[in-house]
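Shared between the two complexes below is chain A, which has chain B as its partner in the first and chain C in the second.
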Partner chain A sequence: MYIELRDINKSYGDFKASDNVNFGIEKGKLVALLGPSGSGKTTILRMIAGLEHPDSGDIIIDGQRVNDIPASKRGIGFVFQSYALFRYMTVFDNIAFGLQVKKADKKAVQERVTELIKLIGLEGFENRYPSQLSGGQRQRVAFARALAPNPQVLLLDEPFAAIDAKVRQELRRWLKEMIRKLGVTSIFVTHDQDEALDVADEIIVTNSGRIEQTGSPLEIYRAPATAFTSSFFGQTSELEDYTRFKFFDRVDNYDKAFVRPEFIKMTKKDEIQKYKNSAAEGIVEDIAFRGNYIEYTVNSNGSTFIAHRALDEEKVEVGEKVDVFIYRLFITVGNEVRLLKNGSIREEMVVI
Partner chain B sequence: MGKKSRIIPGFGLSMGVTLSMLALIVLIPLASLVIFTAKLTPSEILEVITRKRVLASFEVTFITALIASLINAVMGVVLAWVLVRYDFPFKRLMDGMIELPFALPTAVAGISLTSLYADTGAVGKIFAKFGIKIAYTRIGITVALVFIGIPFVVRSVQPVLEKLDPLYEEAAGILGANKSQIFRKVILPELSPAIFTGFGLAFGRCLGEYGSVVFIAGNQPFKTEITPLIIMSELQEYDYSSATAIALVMLLAAFVILFLVNLIQIRNSKILGGGH
Partner chain C sequence: MNAVSKTKKSLFADTSVSKAPVMSREGSVSIHEETTGSKAVKYLLIGISVLFLFVMLVLPLITVITEAFKKGFGEYFKAISDPDTASAVTLTLKATVIAVLFNTVFGVFAAWAVTKFRFKGKKILVTLIDLPVTVSPIIAGLIYVLTFGRQSTIYPFLEEHGLEVVYAVPGIILATVFVTFPFISREIIPVLEAQGTDEEEAAAMMGADGFTIFRRITFPHIKWALLYGIVLCSARAMGEFGAVSVLSGHLRGKTVTLPLHVEILFGDNKFMPAFAVSSILVLLAVMILIIRSIVEYIGKDRG
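Entry: the complex of A and B
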């Protein structure tokens, strides 16, 4: 493991920001720290950078314990959420800052900065001030500034939060590509699951100061390991009493049951529903157009949940009666998660 | 086109009040300076303001005002820094004391400073041991001007420092800057517009300061006689035109200083405000 956190604890007064945090990150990976606000993800990032100090535990980078090494000597690049570009310095001076403070050779600084400006595609903007750049351009400058001194680790705090949706998509791809190309071990903080699933090699899910789960985006999405992750990922809805839906195994002491839209097949009364006998009747309560699909809020068996239908499928009206079939669902028992599959699919497989 | 609603009603009324205030308090008195001076021919004006005693007073006034304002620019930043960045008992009280030089009658300040810094005074005694005289020298004038000018710099820098995002310092720190580099390269540029404003205001004020200085200056012609005192003595001799001619020079100097400060502000707001 290249970066390792061992038994990290950190409190602010009564608030426990990090509760026995343990994880490791391999060299060259792009990792997302994902969690709701207040889950302690930014605190973890700031502790790795040396901007905060853990109450107990060890932070190890490249085999060396860095707890007592000041931020300025850890060899870390940090991109702030608001970028924190120096307002009275030009783009060139901003990027050159990390080299100049180390008294680097003037020619070497010139070369390195020119190279980085080319990398971020801002040739001709060297003498602009940050106020004369767009949000996306500022973010690129912040990225180049952090990379200039060749850090071993790049940390990014909500790197896309301050950018509008359209540019965000583009920047995400760009950043992912850049980091792959440079091979620098990177950790970014986000509260946006789409962003984490899209960009990261590995996701670390945090919740109320603890690490809930670590794994690849696919693993975490497909097989949530804790009650929190099962409800956090996807557009989950909670079912009131899942046993009212047909052919699911009974688990007596379960706490909650969750479904995602992709677990549900919703059909109009006159459409073919493969598992008609196991489907439940529901009423459409709300419709939202989402661009490439339509989102329906359905009430069935006392539960309200969300189902999707493609644009080319016939439209369903509010108040219309529909058939709903649930393929699978998550139930939580304590902090454990179980995936339950609908029994009627299994039976059919036996028949075949 | 509908009219935009404004919080203070009546553009005509509020603009009228503004103009009358400006005219009565600022423009007419300043214009009268020019009118009185105009009674003299240009060569007479030149003769008045290049009298040896007047030139010497300009030198005394400008040098002491400049040194005092420079001291204030440095000390004002230190004071503002301590008041913003640290917590300590009686902080609010100390914060309030900064304004005392504004509130105190300047003559009172002059008398107390004089008695304190005279060779027999509590502070003057210590310096007298080393053969340094403070009261009745240019050092004494500078001390009085520092006293008068300190609130300007502190009060311009303080709000800027309070609003300064600590992120800039963190960003510089992670990039490997040490504390003095962070201060010089990151914090100082953020503060410098406010420091220049404070410096300019303090300097302008120092040029015209009379009450607190006359007591401690000693008023020896050619040595510690300040320009405002010369103006006063011309007035006492009913030589109004000479007085206003000298005053006009001070006015011009103050104007140039404030103009330069404004130029710096314009440049800074360009850097921060975007546009190409």
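Entry: the complex of A and C
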């Protein structure tokens, strides 16, 4: 492990911002810290950076305990949530700052900054001030500035939060590519699950100061390990009483049951579907057009949940009766999650 | 950039104001005619203001100048070239320069500490900084007399080391420093507060030391506010009367500042010389006003 946090605790007054935080990150990986607002993501990032000190626990970078090393000596690049560009310096001086502080010679600074400006595609903007740049351009300057002194670790706090949706997608692809190319171990904070799933090699899920789960995007999405993660990922809907849907194993004293749209097949009454006989009847309550699919809010067996249908499938009207078949669902017992599969699928497999 | 700009909205708002002036004093805001009703009201208000300013400010100033030159230039120059006057000018300038120097250093440190660090007792410190504004200068003077005068427990110590404070120049300087204490820090604190700590943290992450951070990151933000504070501090230091009067002992040619000198002359019924010396203070005040306007103008322009 290149970066390791061991039993980190941090309180602000009575408030526990980090509660026994443990995780490790391999060298060269791009890791997302994902969790709801106020779950302690920024706190973790700031402690790794040295801008905040843990009350207890060890922070280890490259085999060395860095708790007592000041932020300025840790050699970490940091991109702030608000960018924190130096307002009274030009783009060039912003990027050059970290090198000038290290007393690099003028020619080397010039070369490195020029190279970075080219990398972020802002040639010709060298003499502009941050206030004369767009949000996306500022973000890229902040990125270049953090990278200028060749840090071994790059930390990014919600790097895309202040950028509108379209540019955001482009920018995160760009960032991912850059980080790959440079091979710098990076952690970025986000509360957008799509962003984390899209960009990260690994996701660390935080919730109220604790680490809920760590794993690859696929692992976490497919097999959520805690009650929180199972409800956090995907477009989950909670089922009122899942036992009303047939062919699912009964689990006594379960707490909650969740379904995602991809767990559900919704068909019109006259459509043919393999599991028609095992489907439950539902009624469409709302329709939303989402671009490449249509989102239906369906009520069935006393539960309201979301189902998707492709654009080329026949349209269903509000108030129309439909068949819903649930392939699988998550149930939580305490903090545990179980994936339940629809029994009718199993039976058929046996028959075949 | 703004420290609290976590949300989209405030960050975008930042773009429009990011070159906003650092000066805390804004120019006069003109109210649109429609909002105040008729033109008559407008002119009435302006008229009252002008009249008030004339009676309260312009008239006395004219009086000072005319009285000063009443007996002609010759007498005027005789009055202001008097050795006591010369010594008063020197002492005033000396006290002013020292007070400005001290308060610049102190003001910047205090403002920096209060805005960039978290520590216990911060609120108390902020209140203490403002104390000299709320305490009457006479009281301040008396406190120093009690602290450093003959009745004080530390007096024997001071005497042993030949340190005279009360009825001596150090006392005058002390009083001036005390009275002008908050002027600089109070100008800088709001600017630093609005700026937040992000930029400093970013600079620290890149390995910059405290001094470099101050010089290259913080200073550009407070430059104009600092200059403005210095101007205000100088003006206040030159005109200080109350606290200085208590601590001075009125030893002519030794512990008399310009305002005290004016008072003494006035008390001796030497009206013309009193006005002549006053005109020096007026001149200094006008100079400061001009500098102030220039600073404000440039500061606004550069942000």
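One rule holds for everything that comes next: the second predicted complex is superposed on the first by the 352 of 352 C-alpha atoms of A that agree within 3 Å, B and C clash if a C-alpha of one lies under 4 Å from a C-alpha of the other, contacts with A are read in each partner's own complex, and residues count from 1 in each chain.
Heads up, the rule we're going with is that a contact is a pair of C-beta atoms (placed from the backbone, for glycine too) under 8 Å apart; a residue touches a chain by one contact, two chains touch by 3 or more.
In this text the structure is predicted, and so the values were computed from the model without any measurement.
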* Structure fact -> So, after the overlay on chain A, do chain B and chain C clash or fit? They clash
* Asked: Given the touch rule stated above, what does A:G98 touch, chain B (first), chain C (second), both, or neither?
  -> both
* Asked: Of the partners chain B and chain C, which touch A:A162 in the superposed model: first, second, both, neither?
  -> second
* Asked: Given the touch rule stated above, what does A:G135 touch, chain B (first), chain C (second), both, or neither?
  -> second
* Asked: With the two structures laid over each other on chain A, which partner does A:F15 touch: chain B (first), chain C (second), both, or neither?
  -> neither
* To do: Pick out the stretch of chain C that clashes with chain B after the overlay, from 6-14, 60-68 or 150-158.
  => 60-68
* Where on chain A do the contacts with chain B and the contacts with chain C coincide? -> 49-51, 70-74, 76-78, 80, 82, 84, 86-89, 97-98, 101-102, 129, 131, 145-146, 148-149
* Across the complex, what residues on chain B touch chain A? -> 165, 167-168, 170-178, 181, 185-186, 189-190, 268, 271-276
* Okay, in this complex, where on chain A does chain B touch? -> 49-51, 70-74, 76-78, 80, 82, 84, 86-89, 97-98, 101-102, 128-129, 131-132, 145-146, 148-149
* **Residue ranges of chain C in contact with chain A within the complex** => 1-3, 5-6, 8, 11-12, 14-15, 18-19, 198-199, 201-209, 212, 216-217, 220-221
* Structure fact -> chain C partner, complex, touching residues on chain A are 49-51, 70-78, 80-89, 97-98, 101-102, 129-131, 135, 145-146, 148-149, 161-162
